[in-house]
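The structure appears right after this line, and notes come after that.
Chain naming follows the written order as A, B, C and D, and within any one chain the residues start at number 1.
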């Protein structure tokens, strides 16, 4: 869950190796992919389900609905990352998985299974939420989310998310569940797009015609913006964590 | 508080043995059962009491009432599991106790006393809440909670709860108070049933004719759904945590 | 901050001895009493100030005002106990100080200075809050809080608070800031009295004629109820933590 | 991030030395200043952005808007301090940087770069928030915040902030992200000024004509009040932490 391990080998802490006993102790890839699917599924169920519940109970006050949606999303992230973090790393997000691939923390061969797990789990999560609230299993969202301000918001949202993950992973890996949950809680309110910041969640939200939905046609723009934001953060974190020892200069 | 100890013996950490000095240091069963009763009682008092207060003060906005009910429930869980976790394990929930029984973490002989403590404590908690708000000690709830969507919601809610507990217990036992509190905070909003996920709490909520109540006739369905959800989670956690070493294959 | 040290000597952890180097490293009593005064003062300022702000901004919705009041109080407790816990123990509450006195964790000779600090600091906190919101420095509250349900609520509220503190102190002392903040967050909503649970705070709230106030004539009843609740909790915690080794029986 | 290291040398813990390997392992000043800029920028974006979003969605209820603004600000602080704390100390606040300078925790030579980073980052954060919500990059705020009660509120707010940081830094450095986030969450509601408590954030909020803004003419008064509050806290923390060993008396 970090892009920094090449830069600072000492940063490899126990939270990285899920079983605490070297690579050989890792869960099989199939199990880790299922963990990603289950985690992303419950995350999406929380996002979509609490959006429906929030809108139903808020009496027309969108602010109150979003507050409930925010609380549920942040709390679900905290619970799911805490629980599944030691199994698969609890990415639940292709941008995070790609960053780990680039950073050398996840073998490239594992990346496709992670992303398939996330995408599949996300769609299942939408279906579960829709069924819990007596809607159709899937229905295209009609919620328009487009324009430069929305796309810029997704760049900012994903930049911040990957910055938090990348910097926490070095020395505060145990705090990642809190930091990520808190970041998304904030970003739901400080970005104009309510911070999707996650391609798997974005796709899954396209098939629920409800509060948290997004029109299918708006998905590609969001995903591109998320990749741009993630890339910027990975670059910044890599530079920030570059030690003086690595450059032979620059130490004040 | 886990189903995993047979699978990964190394997971036995200090948070399991309440007194940190082996089985001999455990509190007596009577004390642990009382701890379960007191904890479940205060949890139910929080659920029922904050439901009454929330409805009274929300000025007719159900969303606001549920937000207060959610905050109080999540916060009570965090406080009570933190405090009583080292005494009895802080199950407060027969499904969790049964899962611990199946997983070998709690002797089967202790299970009945735990469940009796939880059921008794839960009913006392309802009485305390009703008295604090000047209602009758007990009154049958008229709050209908039935139908496939409600039952499916309870399956999902309890599945998620046992998944979180089962995965946390392996390597993040100290984080269980936060993870469980956060999970229930989320599930209040993302399930259509507001996530009872607990037979003792369900029964106790049947005897308060208030915001958090449930019609007595709807209780059995909820309990069955909770047992189904819990069983699914126990099975998944068992599979997820099965190490390659145990299967002799499956390691990528 | 515990009543249990006599029962389980091993429970003495670093969080108890503020400077980690035995009794000799304790701060002087004067400094600890000032820490209690400053902490109680800021706590009361948070309770009273956020009550005024909440009522002003909530547009007549008492539920929203109490939600803001709750968030501010819980958050202030978390910050203040985390910061000042290692100095004075961060009691901010005469009932907690008395429980520590009875439990042998605080010398009886220190108790009066602690309580004087708490009472003085609490009154200063009210003055600060009143001045920040352009009110008179002190004014008698006209907020009626009386009757059996209110008093019973204070018994329950203080019982729960001392139960959480007493059980956390044994093995999870570092979690006390979270557990206490979470407990009060819950108790604001699940008790009919909004959980004063603290004689110093109760007295201080009598001199602000605002949202969080209490009529001076209702103070004595609240204080007695708080002492009753605290005493019940101290007794229960003492029994719960009594080890088999101490009784020579009762081990299952 | 503390004023106390001179007083209690033993308090130097790993959280102070960002790289855990002595001064030589510190990041270069340029990197630390950039970390301060990025962190302050995202913090201000969270403050300003969530203010705009909160006001838009709250349907005219200022209490609800401030609740969203509070949740986003507190959560952003938790995430950003957790992530960037091990890089630069995560001050994001000139008053904190000055306190560290006076306390000997940060070389005076590093102070200007920190403050320039904070001021620059803060302004960039406002620009980012304004652009995300389709406003002009910068616009003077017309939000009046003046008068003795507002200034006194800023003294109190900054006093409390520096008190929390100064006391946490000694023995609970890992808890600083939680303590600071919680403190500001509370102070948004218990001070009449909604607790700016930070000159860099104050200046940055002057150039957004939105919910969180402040008239440029009101900025100097706020900054002076913040410096007064910070100075008082630094003095109090210094006295509180003065050990008996240092005075040769005063030990009870």
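General observations
The working rule: contacts are C-beta pairs under 8 Å (C-beta built on N, C-alpha and C of every residue); 3 or more make two chains touch, one makes a residue touch a chain.
Since the model is a prediction, treat every value here as computed from it, not as a measurement.
Between chain A and chain D, two chains of identical sequence, the interface residue sets overlap only in part, with shared numbers making up under half of the total. Separating the centre of chain A from that of chain D, both taken as means of CA atoms, is a distance of 27 Å. As a whole-number value, the distance joining the C-alpha centres of chain A and chain C reads 39 Å. Those residues of chain A in touch with two or more other chains are numbered 61, 64, 67, 74, 178.
If you sketch which chains touch which, the chains form one closed loop in which each chain touches exactly two neighbours. Residues 8, 10, 60-64, 66-67, 70, 74, 149, 152-153, 156, 160, 163-168, 170-172, 175, 178-180, 182-183, 185-192, 236, 239-244, 250-252 of chain A are the ones touching chain D in the complex.
Those residues of chain A that touch chain B in the shared complex are 18-20, 24-25, 27-31, 34-35, 38, 42, 45-50, 53-54, 57-59, 61, 64-65, 67-69, 71-76, 78-80, 82-87, 110, 128-129, 131-134, 177-178, 181.
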